[in-house]
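A quick write-up on the structure given underneath.
Each chain gets a letter, A, B, C, D, E and F, in the order it is written, and its residues are counted from 1.
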Amino acid sequence: MEVYIFLTFILMLSVILGFELIHKVPATLHTPLMSASNAISGITLIGAIVLAGKSADPQMATLLGAAAVAFATINVVGGYMVTDRMLGMFKKKGDKK
Amino acid sequence: MLIVVPKEKQKGENRVALIPEFVKKLSRVGARVAIEASAGAGAGFTDDSYREAGAEVVTGIEASLKDADIVVRIHKPSSDDLASYKKGAISISYLDPFNERGLIEAMGSAGVTGISMEMIPRSTRSQKMDALSSQANLAGYVMVLKAAAALDRILPMMMTPAGTLKPSKVFVIGAGVAGLQAIATAKRLGAKVTAFDTRSVVAEQVQSVGAKFLHIDLGETGQTKDGYAVQLTPEQLEKQKEGQKAEIAESDIVITTAQVFGRKPPLIVTADAVAAMKPGSVIVDMAAETGGNVEGSRPGEVVVTEGGVKIIGTGNWSNEVPRDASQMYASNVFNLIDEFWDEEQKRMTLDFDNDISGCVITHEGELVNATIRNHYQPDKG
Amino acid sequence: MALSSLIGFSYVVSAALFIIGLKMLGSPATARRGNTLSAIGMLIAVVVTLLDQGIVDFRYIAIAVAIGAVIGAVAARRVAMTSMPEMVALFNGFGGIASLLVGWAAIAPDAGGIVLTTIFLSILIGGVTFTGSLVAYGKLSEIMPGKPLMFKGQAVVNSAVIIAIFVAGYLFVQQPENLSYLYAAIALAVVFGVLVVIPIGGADMPVVISLLNSYSGLAACAAGFAINNNLLIVAGSLVGASGIILTNIMCKAMNRSLSNVLFSGFSKVKSMDMKIEGEVKPITADDAFYVLEAASTVAIIPGYGMAVAQAQHAVKELQELLEENGAEVIYGIHPVAGRMPGHMNVLLAEADVSYDLLLEMDDINPRMETVDVAIVIGANDVVNPAAREMEGSPIYGMPVINVDKARTVFVLKRSMASGFAGIDNPLFFKENTRMVFGDAKETLSHLIREFG
Amino acid sequence: MALSSLIGFSYVVSAALFIIGLKMLGSPATARRGNTLSAIGMLIAVVVTLLDQGIVDFRYIAIAVAIGAVIGAVAARRVAMTSMPEMVALFNGFGGIASLLVGWAAIAPDAGGIVLTTIFLSILIGGVTFTGSLVAYGKLSEIMPGKPLMFKGQAVVNSAVIIAIFVAGYLFVQQPENLSYLYAAIALAVVFGVLVVIPIGGADMPVVISLLNSYSGLAACAAGFAINNNLLIVAGSLVGASGIILTNIMCKAMNRSLSNVLFSGFSKVKSMDMKIEGEVKPITADDAFYVLEAASTVAIIPGYGMAVAQAQHAVKELQELLEENGAEVIYGIHPVAGRMPGHMNVLLAEADVSYDLLLEMDDINPRMETVDVAIVIGANDVVNPAAREMEGSPIYGMPVINVDKARTVFVLKRSMASGFAGIDNPLFFKENTRMVFGDAKETLSHLIREFG
Amino acid sequence: MEVYIFLTFILMLSVILGFELIHKVPATLHTPLMSASNAISGITLIGAIVLAGKSADPQMATLLGAAAVAFATINVVGGYMVTDRMLGMFKKKGDKK
Amino acid sequence: MLIVVPKEKQKGENRVALIPEFVKKLSRVGARVAIEASAGAGAGFTDDSYREAGAEVVTGIEASLKDADIVVRIHKPSSDDLASYKKGAISISYLDPFNERGLIEAMGSAGVTGISMEMIPRSTRSQKMDALSSQANLAGYVMVLKAAAALDRILPMMMTPAGTLKPSKVFVIGAGVAGLQAIATAKRLGAKVTAFDTRSVVAEQVQSVGAKFLHIDLGETGQTKDGYAVQLTPEQLEKQKEGQKAEIAESDIVITTAQVFGRKPPLIVTADAVAAMKPGSVIVDMAAETGGNVEGSRPGEVVVTEGGVKIIGTGNWSNEVPRDASQMYASNVFNLIDEFWDEEQKRMTLDFDNDISGCVITHEGELVNATIRNHYQPDKG
């Protein structure tokens, strides 16, 4: 039980923090920001890793975990890289001014 | 269709009723234009420039007048002029229809279609033909320049090493088109401007050009549907004079533009109000030529009172900036002709369903304008 | 330090990096570094997770990571700049399916009610995110038709699916060992994802993706509860919350409410035969700001109301801010605007607006179609399309400034009152018009501060 | 639900209330409700804590709470509005001693190293906060002399105490059973609190209180670790972090850096015989804003630089914002300001500044002492006190606008360059002058946005 | 150990949140804000309560706890009330405008 | 100490060298003031107002002149006047010292202390006594008003129903005190203003009143320590004329204020530049009376060229706003007397350590001013 209280605490704090952080973002940053936070949501990867590595036998859970790892990795790697590309463009546009 | 523009005959008149720009436009829609030689000289338009624009420049205008389908002038034609017009010709000019009964009847009997630029209705749509407005606007500007030139001080405030010069106070009575432009111009030059008008909607308009409105409680005043002022009752006029007194006394410049449509302008600044002003102060009476808002103003003159106050009654204000004034008048005239232009027949055809035809006074021998008919024969209706 | 503490504290560090990264992503100057920080956080989290003693076999992990990384990297590198949005949608979908799989994999025979509930949520949200994102991808990449897809009885079907989901969820938590409930839940989630997104138009997809992104965060969060992992919770809820806010901001920038975006498709089916003309759409200055901020051509049409409000200085200030923001600003001056000839000129000259920016009606009208936002400041008659459209109108035939041809029109005035000519203005009811009620000067000051 | 979970979840609620309360306290419109929410959070926390099964006896608690509540309530009610700051200092001190006592009470024979460390921190920070606050209280209520108290060798003594604290801490954690280390630590903490605050002047006390407040948050946080309590950690670290930020903001509003506040006392001892005249104190527009925001009379002195920057419209805008903020704004126009007679008048009239606000030099000078902030915008010669003070100066004897008599002077210019007359300006080096470097218009725009 | 990780998480989140919250406070609110956060720091009260109630015998810890309760209560009660009084004044000042 | 103010004799001069406000201030510090009857009339100050301020109003001024310790005028005294001054009397007025050698020598031999208002140094501290600046400032304003009145157009832009009137273009050559004020005034009225000056520091000053500066590369130009322009080389002048050409041709109003201290003003607008202007355009030549910046300008007159361009050379500009001009001149004079006033002895005592004494030309029979001495006898040094 105790653990859930901690988790709830963390949840509450993170949610408020999330709201506070994205206060007023200029429209030009909407897409990169969305894309970056999308990459962050690929954090499931670490859950997947644990599940995928749980046993050497290709059990159901292991396979599911491995699939999850693959998908999450696409999300993470692709997400960060795409964001970086977008922001790179930005930089150039900003510099021109 | 031949449009003829005679040179204005009135002394000192520099404006011209059409300028090359609009000659060109008229030619383009299919009209011929003939203009009297040197008609545009006073406003800075050479005969050559008219020729380039496609007009015929004529030295003796009488011959052309005989053929003219439309005659465009600024000032009203004389009865003599009318004699040479052909029947059915259209005359466009100021007409002063409320006072020129004789002339208008002559037009009627000559079978001339008389259009009065004063009678263009005051609707949003007809504003582009409204010469009263366009010329009044320039008048507002000119009156301030004249007042500033006559004043023994400068208008703006200046804090200088040789002391602070306070801003001059300007009081504008009557804030119609001319009044508002006068306010704006005086404001631009840095004066402290106050204004008064009997129509209550004007308070906001005055503030919208950055000046102060003087509130005088006159009771019910009202305005016509065309936005013109309604004549005040004698009591109201008395209240107004009383209410303005202090403001006039401490003003360096007073500009009066009060008009009541179709009537003599009200006398609103009396001799004792003038006497209370500082020596060196200036009054501009826009209405001096038509009766005057200021006691002691003389049409066409600058009067210096015993108390050292200058009353400027020059009149014909927009004539001081003849180039712009001609451009605007010509634009008004062009828009009017254009409104009734029949593209196929390439001629001007009056359409009495169009509101704007309210400016037509006589047509085919008849006095068609109801307002004017009413004015001459109030009982007949 | 014990290994588990090392992992734990590293997670704290990753979480902090995510947070800081997100914050930095909110400002153009720091965004790129923010993204890098966030990626570093992710890297740390992955690396320390591999140290987990529960992991006995790295084979599957290695293969899966390799496959995922290659696909992700290639896709990210290859995609054309113009196709970024659909790529993000696709990635998002993968995040969703990952959550679904993690939830599924986490099912253990001995799990309690709470764990099962969170597992179910993880599967449900993951599934919805997955197929929803795929549909969004399809619409954006034009594999699917972009326009709202609707069918008769859609509302009924949707309701049925929702009820079924609740039922399946309940049964699953009660009898986790009965796999058919699990499969049913997965199937329903997947179907629901499709149903939710198809009735939304292609133009609204960015908002949908942002929302689904927020969901994928929530899915990760639920997965975190399921497998008892802090970092998943922190990262997931950060993404969830910031995603919602971002969605909201995007809606405002598009001049829409969230529910309007999500349910406009549905409601249209119902109201097919209702007339929805004549609706006035007010907007706050705050929201107007978002639209202005994204505009690259702005036309300002002043009228008598600007004079009354004496807003000319504020107008100039807004002009300068818009220009700094990269927009082109022009003024359209109607010849009869105001109450005296040249009224607008006097005021704008006072505010030192360059003469070169003042366009006559005939010059601005042909350009109006390329204008992103036309700001009508206290003008009324001079922008009244009735002059063009309504034969009976007293101003019919008078040329006006055709602001209604601009992409968006903001009308700044205090009320719905008519202007000098005393006639109603159909402009206020046009699809692309937003009314910003209030004194023009105050509204402008508000906008100016938003730019701060 | 188990009792412990009830308590746990209630703590989550209290924490959320604290957070929301704090956020609301940041804006005047919501501050009071914020305070109430925060108090409700506290009430919930206290009530559920009483349900704790570890509590076997309520007697002491009841008595202690009663005493505390009565004292607190009476003190809060009785205190004069003008003595609020010292009251807050005193309360803060009590918070500190409470932390100290909690830490002390939490010492258990079986405690591990981490717990002991946090206990020690709790005691240390609590002690410092306690006596530090008491000294601050003394200075503010004028029980003690307000001026910085210094003595020879102060730096040496301080260093010695710090070292002793480290040593005592180390020994305490190693041998918690040896109470003498504990007492030594308490004594040192208490002494250190006094030492830290006495060399700071009375005027700087609000900053010190804010800092000590932040410390008391940290102490609570440490106590939370010591007794393993979430809520203490959340609340404590919230207070700690927000306190630091607040301290920083207050420093800026006072035109000081934090280290300058904390150590100015010390350094003065060292540099008694150094001349510190002739120091230019630049300040950013951000920081200038805080000072302006608190000002109730502002005088604007424009000069040629305002004209060069064409900043007149921005000046007017700032004037309006200051007025909205409740300040009185006047302009002082020197007769030779600018490059032509009446130069300032032309520009200010263009920006529509009311003539009534423009004061001549002879009218503004007598009022200057009551002016909180004089903003010199691109003026130089006309505010040069050398005209009054330096016999040799080429402008000696010319009347100037005596801005240096105002409480604070901001000089907006691009550099230290001289003006038309080509002579240096001692104004820039005065104690109460801050230079805001940069183009006047940009600086003003910056200030204007800060007001948004 | 596990517990400390949770606590650290919570600490990290709260600290960041604290920084985020007090972004730009007008000078007029400095004192009330300080006073209110001072009251919050009286949260030690709940720690003190637990310690003060631990046993019926007036042990050292109990007495210390009771003293802590008293001090913390002063801090909490006085702090909130003082803040409220200050903010009350404010209201009136604001209304006049 | 008796201060005497004679009425100005120059035709059309309306200003007066002292106004009641400063008479009062002078009385307060212990001076007696005698003023010729009706001296202030032109500027709006009655004899009564002087009496109230404490002055003696005298009808035949000659008697008073004999007793005068200080004589204050605007224009220089005639040699005849000097005859009646007592030895040691101080004469304060414009003197035109570079050209009036005879008069100055007469002063010297009469033992009169001659102070020239033109020679007040141009330091920040002495600005309050600087009549050249204070009058030039008003001149700038007046020139624009005159030009605007003479122009056949209005200055501001107006977008009206009768078409758009483009803003007039104004080009100001020489942006010293008068030029800057002219720029500011034209700008206020809504004109599009460009300006040029040879001194490079002026570019920024022009922009500081909101106008555009025309950049012409003349090479090294420079200015004196008093901020006056240095004479251009003939090549530079040629370059300037070339560079201005296009701007002049498209301007509606050109205002020239170029001066080189102690020399004849440069001729910078040639006849062909004038010919290239549109008919109806206006040129104001501020320097017309002292030689002229514009070819064809005539002092005191308005010339209309063949091409229809008006060249205004009226001169004595500040005299058009005599009230403010008198106030500022009087303030300058008062500040000067006050600077050297010995409170104990209640008299004006020159102090040659004070920079401002640079305005003293003759003292105790000597030509004490080095600049002027140098100008007359360049070789002697």
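Following the convention adopted for this analysis, a contact is a pair of C-beta atoms (placed from the backbone, for glycine too) under 8 Å apart; a residue touches a chain by one contact, two chains touch by 3 or more.
Nothing here was measured: the structure is a model prediction, and the numbers come from that model.
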Determine the set of chains touching chain A that also touch chain D. C, E
Smallest count of steps, each to a touching chain, taking chain E to chain F: 2
For the homomeric pair chain B and chain F, should the interface be classed as same or different, according to whether the shared residue numbers exceed half of all numbers used? same
If you fit chain A onto chain E using the CA atoms, what's the rotation angle, as a multiple of 5 degrees? 180
Any idea how many Å lie between the Cα centroids of chain C and chain D? 40
Centre-of-Cα separation between chain E and chain B, whole angstrom: 77
Taking each chain's centre as the mean of its CA atoms, how far is chain D from chain F in angstrom? 57
Of all residues in chain D, which are in touch with two or more distinct other chains? 19, 23, 230, 234, 310, 335-336, 341-342, 346, 349-350, 352
Where chain E touches two or more other chains at once, the residues are 3-4, 6, 9-10, 13-14, 16-17, 20-21
For chain F, write out the residues touching at least two other chains, lowest number first. 127-128, 133-134, 137, 156, 158, 160-163, 165, 188, 190, 210
Interchain contacts (touch definition) - all pairs: A-C, A-D, A-E, B-C, B-D, B-F, C-D, C-E, C-F, D-E, D-F
Considering the complex alone, what residue numbers of chain B touch chain C? 123-125, 127-128, 133-134, 137, 140, 177, 180-181, 184, 188, 204-205, 207-210
Once bound in the complex, which stretches of chain A touch chain C? 3-4, 6-7, 10-11, 14-19, 21-56, 58, 60-91, 94, 97
Touching chain A in the complex: which residues of chain C? 18-19, 21-23, 25-28, 31-32, 34-36, 38-39, 42, 45-46, 49-50, 52, 54-61, 63-65, 67-69, 71-73, 75-77, 79, 81, 84-85, 87-88, 91-92, 94-95, 97-99, 101-102, 104-107, 114, 206, 209-210, 213, 216-217, 219-221, 223-225, 227-246, 249-250, 253, 290, 293-294, 326
In the complex, chain E touches chain C at residues 1-2, 4-6, 8-9, 12-13, 16, 20
So in the complex, the part of chain D that touches chain B is made up of which residues? 333-337, 341-342, 344-346, 349, 352, 355, 358, 360
